[in-house]
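Read through the structure below, which is laid out as structure tokens, and then see the notes.
Order of writing sets the chain letters: A, B and C. Residues in each chain are counted from 1.
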Amino acid sequence: MAQALLTVDRLYKSFGGVTATDNVDLEVIPGEIHAIIGPNGAGKTTLVTLLSGELRPDAGSVRFDGRAITALPAHARARLGIARSFQITSLMLDMTALDNVALAVQARSGHSFRFWADARRDRDLAEAAMAGLEAVGLADRAGQTARALSHGEHRLLEIAMALSTKPRLLLLDEPMAGMGVEEAQRMIGFLAGLKGEKSMLLVEHDMDAVFALADRITVLVNGRVIASGPPEAIRRDDAVRRAYLGDEAVADGGGAG
Amino acid sequence: MDWTLFVTQLLNGLQLGVLLFLLASGLTLIFGIMDFVNLAHGSLYMVGAYLCATLTQATDSFVLAIVLALPLTALIGLAVEFVVIRRLYARDHLDHVLATFGLILCFDAAVHLLWGPEGMAIRLPEVLDGQVEILPGIVFPTFRLLIIGVGLLVALGLYLVVTRTRAGMLIRAGASNRTMISALGVDIQTLFTLVFAAGAAMAGLAGMMIAPITEASIGMGNEIIIVAFVVIIIGGIGSIKGAFLAAVLVGLIDTMGRSFLDTLLKLFISDQNAETAAPALSAMLIYILMAAILAFQPQGLFPPKGR
Amino acid sequence: MQRDMLSPLDWKPKTWAMVVGLALLALLPGYVAFTEDTFYLDLASRLMILGIAAVSLNLILGHGGMISFGHAAYLGIGAYSVGIPAYYEIHDGFIQIPIAVACSALFALITGAICLRTKGVYFIMITMAFTQMVFFAFVSIEEYGGDDGLVIELRSEFAGLFDIEGATGLYYFIFASLLATLYLVHRITRSRFGMVIEGARGNERRMHAIGYDTYRYRLVCYVIAGAICGFAGALLGNFTNFISPEMMDWTASGELIFMVVLGGTGTLFGPILGAAAFVLLEEWLSAITIYWHFLFGALLILVVLFWRGGLNGLIDWIGRAAWRKRS
């Protein structure tokens, strides 16, 4: 059994009286896609936010590559190799798509206390940024202001930025949110292509995507893990079916076990 | 230890504190509820002072002048809100700051036009102009005691309004969730206008209270507005309780500091150095206090909840 | 492949306006020598000094999104860095200027470290408060004039290399400083550092997520801006041969922000246009009425309500209209 890249141990977070994350244990093995599913309000985004470092847990620990990162702020975790995409698009809207990705590339190229050379004439940065855009199919939108892009393109740009920091672990929070069927299919294909190369914690509502991509699935309800395991096991799990009462995707299942 | 000086300065500090509270409470409400940074609050303080001065001369009664000047100041606040302020609620804070800075320039010039460059003094009625023996051997000006009394009364009144009345409930709700109260069908614009006018009245009252002591003068608002901001930063934006505590704290530290810092310093450094350093240091005290509090509580003593 | 956001259309009208403006400034002393009217020389000197201060403010305000109401403090620190040594008969510019820059940088570092931990309106108010602190500190030092101000008898001396004692000499010194500042800020904003600052203004959360400790970058930016403005303060002290604490109170900071907004934030030349407009308007309006502050205030309110693009935006608009006419 490969050593886990990310280990989450009894993570706990509450806001006032509401427990958003209730003693969550989780693991991501190198190269796997580990999906997090659950009904609305289950605490999925809170979990991602705790893992990315924007929020501190009340109790519990997070280890990345053997190293305790619970006390590290978001930017430090990013430098260690954890990248995140946001559920609600979070980009530098007044900068071009290329500039957005270039900033991500720049972040991994040492420090940015360089005051003299024109960053936009830096061939290395520009090439790497273009490559990042090409990988998600946005090369022709490079010079457009991020604000001018469509919603689907925003989601792709999010991924491009996350990938451009050359992370080892991707925290993807509903990357396909608001995407049309065709766009979502392309995204699924793209993420599938990264399997093995990158490790991913994927929060998603789109069950097609989850069952197509995930090596393992963890189900979150009211902040607590109610089931965790390979997709077929989850499909057959009673507790999961109860939680998703009425959700055809789980009830129908698909394909022989 | 000069006890007379100590007690006197303690009371003076309290007096400055309640005055700051009158200013800061309006400011913190306006910011807490409307998310609006109002630099021109000091201008309303100035306008209140001048109106009171003119009316005192016209009616020969300080008390009557206040009674008349208060609603007048509130009306001016209403007018300003109607013409300028309400167009800016949706804008960002830089726009608030710039526009109200523009208002300050306009107000200063308007006051100059209407009242001339010289300040205006207010003559107190005899009954208020004397001194009172508060402790054996220690006297204190009657009027300053009155300021303290008025300030504490307003603080109490404000507390009662905010905690016991429906309007107050709306204010507290609005301070933490604006969209919610508009969803409840409350007319937001009216609430805003009333809060602004109330803030204007309190600022004006502060000006009227201080003018008999320091004279109404152009630009008097510009100095005190910063101190009011220090108060609400320390107290926590949107919190009246915080504004009260911070105002008293700032008033006391500033006043006592100016009087006793050199004595305190002389315990540690040479007399001569103490005497040169003390004035500069005591002027900086409240800002150092602010920085110290922010180091531990970046959002002030009573931080805004929810937002 | 070169990535360059600026379309040729944006580039031409603004840059032409600025080039013409700079050329006029360069030639002004010639005109003055001819007419022997130093009024315009003084006006232009003041304009350029405030332009340098405004450009430095724009670095943190326009590019960085940090609304500092405390920038005038550096004008004061810079000016006193010339005045106080001069008071002790130290007139060496090679000592005064480094003191101005170093003290400003230090003050920016200390106050910035505190202010930048806050956001939004807290930041605005805290920068205001710190500026008042410096103002009061200087006002209460009787030795250096208190609130009457400090006279500077002799201007900075540069070991005979250049002489700024005369109006023309100082003028060219200021002009050269303006060009240097423009070039420096131009390079900084287009550098990797500048990109981080701009990104942090656009979306700080995103920047954290890709690995930038934005606090540190902002602090450095704040210090650089403070240092440049301190230098402007040293020039100001030399120019007026007098320092009054009013140079550094928060309303002076407000005027600097007015200049930046008037000219158009986030652009290189905007602040200079704004400073020029401010100084010229001030001259013109104060000749019309002594209540000119009213018109100034009204103008500011109107600009905020209706024309936030500033003069830069106006020139762009004119340029685009002219372009459309041609095609």
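By our rule, contacts are C-beta pairs under 8 Å (C-beta built on N, C-alpha and C of every residue); 3 or more make two chains touch, one makes a residue touch a chain.
Computed from a predicted structure; not experimentally measured.
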Chain whose average C-alpha position is farthest from chain A's own: B
Innermost chain by mean C-alpha position: C
Length of the line joining the C-alpha centres of chain B and chain C, rounded to whole Å: 32
Centre distance in Å when chain A and chain B are each reduced to the mean of their C-alpha atoms: 50
Chain A and chain C, separation of their C-alpha mean positions in angstrom: 43
Footprint of chain B on chain C - complex, ascending: 67, 69, 114, 117-118, 120-122, 124-126, 128-130, 132-133, 136-143, 249-251, 254, 257-258, 261, 290-294, 296-301, 303-305, 308
List of chain B residues in touch with chain C within their complex: 31, 37, 84, 87-88, 91, 93-95, 97-99, 101-110, 112-113, 222, 226, 229-230, 232-233, 237, 276, 279-280, 282-284, 287-288, 290-291, 294-295, 298-299
List of chain A residues in touch with chain C within their complex: 52, 54, 73-76, 78-79, 83-84, 86, 90-96, 98-99, 102-104, 106-108, 112-123, 126-127, 129-130, 142-143, 161, 164-165
Touching residues (chain side chain C, partner chain A) in the complex: 1-5, 187-188, 190-196, 198-199, 202-203, 205-214, 217, 220
